[in-house]
Amino acid sequence: MSVVKPLPNYLVQRYRGWKATTYDNNKAWYRHLSNEGQHPRAMIISCCDSRVHVTAIFGADSGEFFIHRNIANLVPPYEPDGGRHGTSAAVEYAVTALKVAHIVVVGHSSCGGVKGCHDMCSGHAPALEEPTSFVGRWMDVLRPGYERVKDIEDEAERVRALEYEAVKTSIDNLMTFPFVKESVESDLLTLHGLWNNIAEGALEQLDPKTGSFVPV
Amino acid sequence: MSVVKPLPNYLVQRYRGWKATTYDNNKAWYRHLSNEGQHPRAMIISCCDSRVHVTAIFGADSGEFFIHRNIANLVPPYEPDGGRHGTSAAVEYAVTALKVAHIVVVGHSSCGGVKGCHDMCSGHAPALEEPTSFVGRWMDVLRPGYERVKDIEDEAERVRALEYEAVKTSIDNLMTFPFVKESVESDLLTLHGLWNNIAEGALEQLDPKTGSFVPV
Amino acid sequence: MSVVKPLPNYLVQRYRGWKATTYDNNKAWYRHLSNEGQHPRAMIISCCDSRVHVTAIFGADSGEFFIHRNIANLVPPYEPDGGRHGTSAAVEYAVTALKVAHIVVVGHSSCGGVKGCHDMCSGHAPALEEPTSFVGRWMDVLRPGYERVKDIEDEAERVRALEYEAVKTSIDNLMTFPFVKESVESDLLTLHGLWNNIAEGALEQLDPKTGSFVPV
Amino acid sequence: MSVVKPLPNYLVQRYRGWKATTYDNNKAWYRHLSNEGQHPRAMIISCCDSRVHVTAIFGADSGEFFIHRNIANLVPPYEPDGGRHGTSAAVEYAVTALKVAHIVVVGHSSCGGVKGCHDMCSGHAPALEEPTSFVGRWMDVLRPGYERVKDIEDEAERVRALEYEAVKTSIDNLMTFPFVKESVESDLLTLHGLWNNIAEGALEQLDPKTGSFVPV
C-alpha cells in the first residue's frame, strides 16, 4: 500500500467544512439513511464527464438517485456469460434489489467517448481499434449506432446524432435484460432518455412517439 | 422507443429551477467548460449508492472531478482480452487522455454490494453464485479480499473489514494496469483510498505506512 | 545584487516542510499543472492586506484562481494610452488569454487604502494629496465613490460605505473595458462583488437588484 | 449593478464550511487582527498565476504576508509623475506605512507573462506591440532584461533566464524608490529574490554574491 498518498490538504479542509455544516445540519437524515437503508426513487446512468453532475441539475439530496457513471453512459446488451459486467450488475441491483421506479439514461454534448467512437468507426482512430484499447472495446457497444448516423454529412451534426444514439442504444439494450423488460411490462419501471447540452444548460428528452429528442 | 416515458414533472420542475438559477448564474462557466474542454484534477471511483455523493462532501464544482461509479467502487484487474470492460475504459480515459493527477477510490459503510459479497463468500447467498448473477460475478473481484477477512469473528466487524478491502483491492488492481503503474512511478499520478461512514459523516483514509484506515 | 539577502531561516524551514509533505503528496498535480498549463475558473481581485487570503476562505487548490492583489482591490477605468497599467494587464490576460468565467472583486473591513482615501478626500491627509504619493494617486480611482458617501454622518459607517464603493467602482470600471463588456454581454464572463468582515468572518455579496451588500 | 451575479453555490458552500471550522477555531486571532491592525513581517510580490500560491509554500497564516500579485511579479521603476501606479502604491504602503522588514519577489516557471515578453521582444508577437495591449505595455518593464538574455541559443533556457531577469529587474527597480533605498541602507528592510519551479516544487534564491539563482 506504499503507493497510496494522503488526501490533498485542500480536500481535507473542504471535507471538514462539509462535516461542520451540511453534515451537522442534516445528521438526522444521514442517520436515517444509514439505519433504514437506501430507498432511491430512480437509477441514473450518466457519463463520467466532470461537467455533467445530475445531482446538481435535479437538486438531488442524498438518498434520491442510485447513480452509475461510465464512459458515454452506455448499457451493453444482456450477456449472462458468467463474465464481469459492471454496468449490468448495477442495473440488476437497481431493478431487482432496490426496485427503482425509473431508469434515466443521460447523454451530453461534447462527449469524449462518443467522439472517440465516431473517429474509430469512421477510420480515423486506429489506436482505438486495438484489442487492448479498453475505451475502444467499450465504445464497440455504440457501433450499431454509428451505422445509423454515418450518412449525415455535417460532422458536428453526425457526432451529435451519435450522442443521441448512445442514449437510445442504452435504452434498447436495457430492454434485452429479462428483469428490466418484465418490470417495464408490469408497470413497475419506466425508462427515460435525456441529453444535456453543457454550454446552453439545455435538457432534451427522448420522445416516445417520434424517437427523437425534444426540449424538456 | 415506445417503452420510454416523459420525465416526471417534479424533475422537469427542478430542472427548470436549476436552469433559471444555478445555470443562469454560472452560464459563463458552463460555456467555458464546453469551449475549452474538461480539465478535471482527479478521477473519483465511488459506489452507485444513493447515499454517497462525493461532489457534496468536497464542495466540488462542475469540471473538478471525473467520476466513475459502480457497485462497491471496484476496479477489476487488468485484462486486455478484447472484452467490454467499462471500469477499465474509464480508468484508461482518465489516465491516458485526461491525465488526471489523482485517482481517489471511495468506499462507504452499509455497502449493499460488499454485504452481498460477504454473504455469497460465506455460503449464505446461493443466488449470487449463479453464473447468471451479474452482481455475483461482479463481486467476484472482491473474493480475494474476503479470504483476508473471513476469520474476523464479529460479523459487523468482518463486513466493515471487507468494505475496507474493496478499496484496497481496487488500488492493488489499479496498479496492475501498465499505464497506471507507469504514471504512478513517474510521479504523474497518485492513488488515494477513502472510506465514508454515512451515519457519522466520518471520512477515513488509507494510511500508506500501515495499510489500515485512519480518520482524515 | 549585493542588496539582496538570503531567505530567512524560518521561511527556508517552512518551505522544506511544504516540499516534503504538500508538494510530495501532490507532486502529480503540480506536474499536471506544469505540463498542461493553468485553466483557472475565476479571476480574483483582492487587497494586498495580509488578513484577507481568499484561497483559505474558498478552500482553493493550486490552479483554481488567477489572483491579482493590489491596494484596496481597485480596477482603474479603461485607459489604452500606451502607459503601464498592471491591473488592466492582469484583467486583459485573464479575460482574453485564460478566458476565465468569473471575475470576483473582494473588498474587506479595516482597509487601510480605503481609510487613506477617506481621509484624503475629507481633507485630513494632505500628504496623500501630493503628486508624488503613489498611494494617493492610486486611491484617486475611488474619489467618485467618496462623493457618493460623503454625506453619511457617522464616520465608521461612511468608511464602510466607501469600502463597498471600492468594490462597486471596480465593477463599474471593469465594464469600461471593451473585452470585459463583450464577454459579459456574450455570457462568457460574470462579475461578482464581495466584502469580507475580518473580525466576524462574515462575507457579504453585492446584490444585483438593489446594488447593496447582503450576507452570503 | 445589474451586471453582477450571485456567487456560485459551490463557493457559498465552501465559504460556510470555512466559517464553521477555520474561522470558528481562530475567531480570537481574526478579532485580534481586526482590533490591532495588520503587522505583516514581509511583503511578497508574486505573479497572478493560479499555480503559485506563496501562502501555501510558506505555511503562512492570516496577518503574515502583505501580498501584491501582478502579471510576472514585476516592479516598474520609480516614476513619481502623478499617474496611477498600483505596484508602486503597494510598495510605498508596505515600506512607509507598514514598515515591513522584507520584500520578497517570487518568480516562477512557465510564466505566461514572461513568455509573452520573450515572444514580443523577439518579434513573434506583434499584437503585444500594439499601444493598446495592456499586457504588452506592462511587459515593457522587462525589455531591458530581454536584452541581457537574447543571445542564449536554446529557447527554453532563454525563457528561463528571462524569468530570472523578471525577479532581478524588479529588485533593481525597487532600489530606484528613495524610500526603499533608504530603508535598505538603514538596515530596516531586506530584499529577496526567489524563483519557483512549479513541476518540481523547487525553490531557488538569488545569491547576493554571484547574482545567479541557487537552490534554497
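Going by the order they are written in, the chains are A, B, C and D; count residues from 1 in each one.
Just so we're on the same page, a residue touches a chain if its C-beta (ideal position, glycine included) is under 8 Å from a C-beta of that chain, and two chains touch if they have at least 3 such contacts.
Chain by chain, the UniProt names read as follows: A, B, C, D = Carbonic anhydrase.
Remember, it's a predicted structure, so these values are computed and weren't measured experimentally.
Q: When I count C-beta pairs in contact, which pair ends up with more: A-C or A-D?
A: Pair with the higher count of C-beta contacts: A-D.
Q: Could the interface between the copies subunit B (Carbonic anhydrase) and subunit C (Carbonic anhydrase) be described as same, meaning over half of its residue numbers are common to both, or is it different?
A: At the contact between subunit B (Carbonic anhydrase) and subunit C (Carbonic anhydrase), which are copies of one sequence, the residues are largely the same (over half shared).
Q: Rounded to the nearest whole Å, what is the centre-to-centre distance of subunit A (Carbonic anhydrase) and subunit B (Carbonic anhydrase), using the mean of the C-alpha atoms as each centre?
A: 14
Q: Distance-wise, how many Å sit between the C-alpha centres of subunit A (Carbonic anhydrase) and subunit C (Carbonic anhydrase), to the nearest whole number?
A: For subunit A (Carbonic anhydrase) versus subunit C (Carbonic anhydrase), the centre distance works out to 41 Å.
Q: Between subunit A (Carbonic anhydrase) and subunit D (Carbonic anhydrase), what is the separation of their C-alpha centroids in Å?
A: That pair's centroid distance is 45 Å.
Q: Residue numbers in subunit D (Carbonic anhydrase) touching 2 or more other chains?
A: 5-6, 8, 13-14, 16-18, 22, 24
Q: For the complex, which residues does subunit D (Carbonic anhydrase) have touching subunit A (Carbonic anhydrase)?
A: Per the stated touch rule, the residues are 13-14, 16-18, 20-22, 24.
Q: Which residues of subunit C (Carbonic anhydrase) touch subunit A (Carbonic anhydrase) in their complex?
A: 22, 25-26, 29, 59-61
Q: In their complex, what parts of subunit D (Carbonic anhydrase) are in touch with subunit B (Carbonic anhydrase)?
A: 5-6, 8-10, 13-14, 17
Q: So in the complex, which bits of subunit D (Carbonic anhydrase) are touching subunit C (Carbonic anhydrase)?
A: Residues of subunit D (Carbonic anhydrase) touching subunit C (Carbonic anhydrase): 1-8, 11-12, 14-19, 22-24, 27, 30-31, 33-35, 37-38, 40, 43, 48-53, 55-60, 62-71, 74, 76, 80-94, 97, 102, 104, 109-110, 112-113, 131-135, 137-141, 168, 171, 175, 184, 190-194, 198-201, 203, 205-209, 211, 216.
Q: In the complex, go through subunit C (Carbonic anhydrase) and note every residue touching subunit B (Carbonic anhydrase).
A: Residues 25-29, 31-32, 35-36, 39, 41, 59, 61, 63, 99-102, 183, 187-190.
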